[in-house]
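Both of the next two complexes hold subunit A, though its partner changes from subunit B to subunit C.
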Partner chain A sequence: MGAAAEVALQRPRRRPLVWRRVRNGAVPYLLVFPVVAVLAGVLAYPLYYLVRISLERFQLFELVRGAGVYIGLDNFRSVLHDSTFWHTLLRTVVFTAANVTLTIVGGTLIALLLVRLWAAVRILLTVGLILVWAMPPVVAVQVWIWMTNVQNGVLNYILTELHIGDYFGHNWFDSSFSQLAMVTTLVVWGALPFVVITVYAALSQVPHELVEAAQIDGARAWRVFKDVTLPVITPILYILTCLSILWDFGVFTQAYLLIQQPAIVPGNYLMGIYLFEEAYFKNDYGRGAAISILMLAIVAVLSIFYVRRMVRVGEVE
Partner chain B sequence: MRYRVLAVVAAAIALSVVAATAAASGKQATAHTLTVWLQVDAQNGWPQVVNAANNAFENSHSGWNVNVQYQNWGDHLQKFDATIAANNTPDVIEMGNTEMTKYMAAGAFANLSASKGQFDNSGHWLAGLKKSSMFNGKLYGVPYYAGSRLVTYRTDLFKKAGVKKAPGSLKKFEADLASVKSKNHSKGFSPFYMAGTDWYSALSFVYDYGGSIAKLSHGKWHGTLASKKSIAGLKAYRTFFRSTAPKSASKLNEANPAPYTVFSQNRTSAIFGPGWFSCCTGKKYTKVTGQFVMPSHKAGQSMPGFLGGSDLAVPGQSNSQAEARAWIAAFTNTANEKALQAVGNIPNATNLLNGTVNDRAAKASWFVPTAKHWVDVENGNILRTMLGQILTGQLSVKKAAQTASANIAYTLNQS
Partner chain C sequence: MSPRLARKLGWNALGVALFAVMVFPVFWMISTAFKPNDQINSVNPTWFPAHPTLKHFTNAINKPYFWTDVKNTVIVVLVAVGVAMVLAFLAAVALEKYRFSGRKSFLVLLIGVQMIPGIGLIIPLYILLAHVPVLHYNLVNKLSGLIIIYVAAVLPFSVWTLRGFLMGIPKELEEAAMVDGSTRLGAFVRILLPLVAPGLVATSVFAFITSWNEYIFARLLLNDGSTQTVTVWLSYYTGSSRATDFGGLMAASTLIAIPVVLFFLLVQRRIAFGLTAGAVRG
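Then we have the complex of A and B:
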């Protein structure tokens, strides 16, 4: 009687313990599940369809009929044998390198400036940066187009009035290089606020005492930055660089709208523009899908570095 | 007792709301919309014609209303492709005559051959427009209007410079423009304005010298821009542009800025473009705006003008094809075509021509190669690149023409 009662008492107690452990272990997954479900729902079908189209001949004729014709890896073969693809890839890599460098270096410099400003001026500058961040890219492009207008643009007017040179009637979109340079200024301008504010937050982690100690020891500004500040903000700079590379590699809106379609030629293609032209202008959706998947593969490799770093940061905390 | 009264009142209100909604939705169920895509040229140039057609259609089709959505030339085809993919096409779409072939070959449009008699003057349609609407002997579009290219000029500035009549040759025109320039020294003023890469206008020089863009022989396209005659035409264009137009316009296109905008800002005395440019030369200069046909380099003749034009097609996926055809018939009837003619266009039928400056310009005209992939040559900006290279001196005329010619042949010969 006593043993049976003991067993009866023990059994209910074991179940709640196991169940609680399972429940606690499952909580993180349950919390993440809705987001994953939505992402899967929204991305899974398009991704499946993208892969399917990349393996088909899918041009205007097939679009009207609503179905493609299976041709295996022919689209991929055609793209990888196309010199335009390789030239565009190289140009995009150089473009990305230039943009990321300017963004990170410029952003860090402005963040260092923010630290030293009076509160009132700091607030003004921060508000300005927020407004830049909030401006939609399409609107920014239109303002840039007006400012760089050949006959009426304010940029030409100011440069001429300040006697920097005779910029009357100067066309800022004369060559492929100048077109991409203008796109770079626009993209970097739009990317700075995020970098500045993130680095500014990171700079608050730099211990004041170390900086003062280094300055008392006679270290100049550059030494202080290199030996005290930089090690502290390096993890953040690393993450920002990874993000910037991912974003700038796939840039499309600013480049396509600023250069404008009548001036888009293979000589100023970026990967995003090349993909758009192949798929939507030449109506070769199969080829466009193949280029898209190749771009995805490149970006996936780049993002491995970013994800690994984020996981490591999470583990430390 | 109170609650019962409340309940009855509530029920009465609910029932009346339901009845009203049912009645309203009943009305909505019978209201249909016809979606029409026209280009912004109609919105700027002849909105009254569009309104007339809409009113006529809505009066004869009760319960229908017309939703006109204006499109830009630069991206309307991409938007159309998206509607094809979504099975949500407009019921009527305006297509440029150079854009028709590719879509007819893909089977995107409904066959209108059986309904040809429904449209006014269909027996006398302009040959060029009719050709662009037909594929494999079937009719897929209704000619809408055509336009040649004219010079729109400031009569007051020309008079001040002592120019008494329209120039009879290209050389005389250059001399007249130089006279205008000598009488006008404001900064940024140029006697002639044209976008350097505006190939619709620039290639007129090539055709004036007997050259051409491409020729089909034995089923294969050959680029002909590097022929002796074509190169002579391109050189003549370069000379004319460099002596009369602003250098800063060498690489610009005709959409940004629009030539009539430059005209309305008093920065030029002559522009080269479609006849309907006269709509938008600015309130200040409406009374002093005139037009004449661009003269050839041969005295007494006209330079061939690009016979641009549009057709109206009914996408095959439309569920309202009969109504779409009725709207097109209302839009292209004789009265509306005459109204289009009055604002500077060429009407779609030969029996409506009446000797205006536009009609005279249409007598000497040229058109692009009628190839399935011609629109890819346009979208690939091959001609624009060539013109920009020639005008800036980046490449010699021969080199630029050879490159463009090879690219055009490659694009047109794709399967």
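Then we have the complex of A and C:
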């Protein structure tokens, strides 16, 4: 035993027992403190500040002055009486539902396909998925802009060549529906790999004997999936669905950059873009804050389901 | 051919087709980046560049602010990840090795916090950092403001995944160290740290990718060309028109994606399954 270790052994003895206990009890709190402090400063305080601004008139003048004027619930009243808010909310809900359904159903189907592939093809597809997963969203947006270009975008060329229709010179950004459909392809494309790889991992938990037994009993593929496979992967699907809902509800970057500024109008707003436009382009931070709070409230309700499930499956132990 | 083999072939053909569809945008980005302009602008696409050129890459890196913004991004990302890893490691040790009251609430808080979409907090953070001096210090167009936000953004999932890695370390090892006369903290440093190093690397790479890819806050807090990050630089590449220098745009996109893709491939396997708990996606 070295000298340093001996010192370490002797040192605690000189201290009174009570002090040592207090000190040891404090250790975990000291270790956690920095994280709590950062989260308090960058999340909790801004959240409080958000509530404060939402109750104030806070426009360009107040921004320059650095302080707003208290006006009670006027911002909320004005937002809730604005049809743009309700239309945006409905549009975002539909957008989220479409994106989540495509991601989860598509991801599960691809994961089921992976199980049926030869090893070489499976590795090929997995590597491809990981490559897609790794693509930065801002980069993916630029590729989408190029592929959907009106004059010589490759998407129009391929669709025309495959005789799906005459897409020569087709503009994918000429209607709100088409714009958001493009955002959907981008978001789903980027989200699929995570879902596929997670569901594929969960599928390895499905007992092989059970599947075989069911097949020998003459069960059709759908029955095997519904009664044997699905119950095993349901917990992970639940968690993935919760996460996807929360992510897709808050989509901003892809929609904002793909639709691009002059084309962003109330007719294609998603929630995130709506609050951004209200705050930064109309310079009404109070109103923007009220929209933020309404959005965060919806997200909070949704995340309760997720957090409760995480607690129940024992992740919080 | 037996129907069984035919079906197997069918599934595999579908798998290859799916691979082609999924990877196509990445392929198209790289392929375009190497093509001469006449091939890019032609209505009939060239799939593989017959006479590859590096012109677009040199154009892209010679664009104003490219290197400045790469430097900014590297500084922001490295500082944020470094700070976050130290803080997250300490908290993960507390969560995994101690039982204290408030521990469970802290865990629930971490999961809950991850669910807050960044977009919901841009207004107060923007006003606080850019307009209301915090401690008499105005953070508009300063990298420090962005660093603080990125630290907070990556902390929850870092704590969470690091804790997962710590869980895998056998208790006997620590106990052996303590019997050897180490204090508890000494045991952590000498025994735990080397064992958890791969986990630290994997977690910091993920934190790196998250901050490198971030767009909204970088766009809002840094609005001067010389203090931007690469994602914002790339988003301004096209200007406002859709008729653009697509060769240059794709070359720039490729350059910005490369570090992320390389790092991602390095750690994907190690971290993929810890991810369900963490909101790590672009």
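Observations, loosely collected:
Definition applied: the second predicted complex is superposed on the first by the 277 of 317 C-alpha atoms of A that agree within 3 Å, B and C clash if a C-alpha of one lies under 4 Å from a C-alpha of the other, contacts with A are read in each partner's own complex, and residues count from 1 in each chain.
Convention: a contact is a pair of C-beta atoms (placed from the backbone, for glycine too) under 8 Å apart; a residue touches a chain by one contact, two chains touch by 3 or more.
No experiment lies behind these values; they were computed from the predicted model shown.
In the superposition on chain A, contact is made by A:Q151 with both subunit B and subunit C. Looking at the shared chain after the overlay, A:P262 reaches both subunit B and subunit C.
Once the two complexes are overlaid on the shared chain, A:L246 sits against subunit C while remaining clear of subunit B. Contact with subunit C, but none with subunit B, is seen for A:Y49 once the two complexes are overlaid on the shared chain. In the superposition on chain A, A:G288 makes contact with subunit C only, while subunit B stays out of contact range. By the touch criterion defined above, A:L63 reaches both subunit B and subunit C. Within the superposed three-chain arrangement, the count of touched residues of subunit A is higher for C, of the candidates subunit B and subunit C. Once the two complexes are overlaid on the shared chain, A:V94 sits clear of subunit B and of subunit C alike. By the touch criterion stated above, A:D174 is placed in contact with subunit B alone, subunit C being left untouched.
According to the touch criterion, the shared surface of subunit A, contacted by subunit B in one complex and subunit C in the other, consists of residues 63-64, 145, 149-151, 260-262, 280. Contact residues of subunit A toward subunit B in the complex are 59-61, 63-65, 145, 149-151, 168-171, 173-174, 260-265, 267, 277, 280-283.
Taken in their complex, subunit C has these residues touching subunit A: 8, 11-12, 14-16, 18-19, 22-23, 25-26, 28-29, 32, 40-45, 87-88, 90-91, 93-95, 98, 100, 102-104, 106-109, 111-113, 115-128, 131-133, 148-149, 151-152, 155-156, 159, 180-186, 209, 212-213, 215-216, 220, 231, 234-235, 237-238, 240, 242-243, 246, 249-250, 252-253, 256-257, 260-261, 264-265, 268, 272-273, 275-277, 279, 281-282. Remark: subunit B residues 74-75, 78, 81, 84-85, 102-103, 105-108, 187-188, 197, 246-253, 255-257, 262, 267, 316, 376, 379-381, 384-385, 392 touch subunit A in the complex.
Interface of subunit A with subunit C (complex): residues 1, 5-6, 8-9, 12, 24-25, 27-29, 31-32, 34-36, 38-39, 41-43, 45-47, 49-50, 53, 58, 63-64, 66-67, 110, 113-114, 116-118, 121-122, 124-125, 128-147, 149-152, 154, 157, 189-194, 197-198, 201, 236, 239-240, 243, 246-247, 249-250, 252-253, 257, 260-262, 272, 275-276, 279-280, 285, 288-289, 292, 295-296, 299-300, 302-303, 306-307, 310-311, 315-316.
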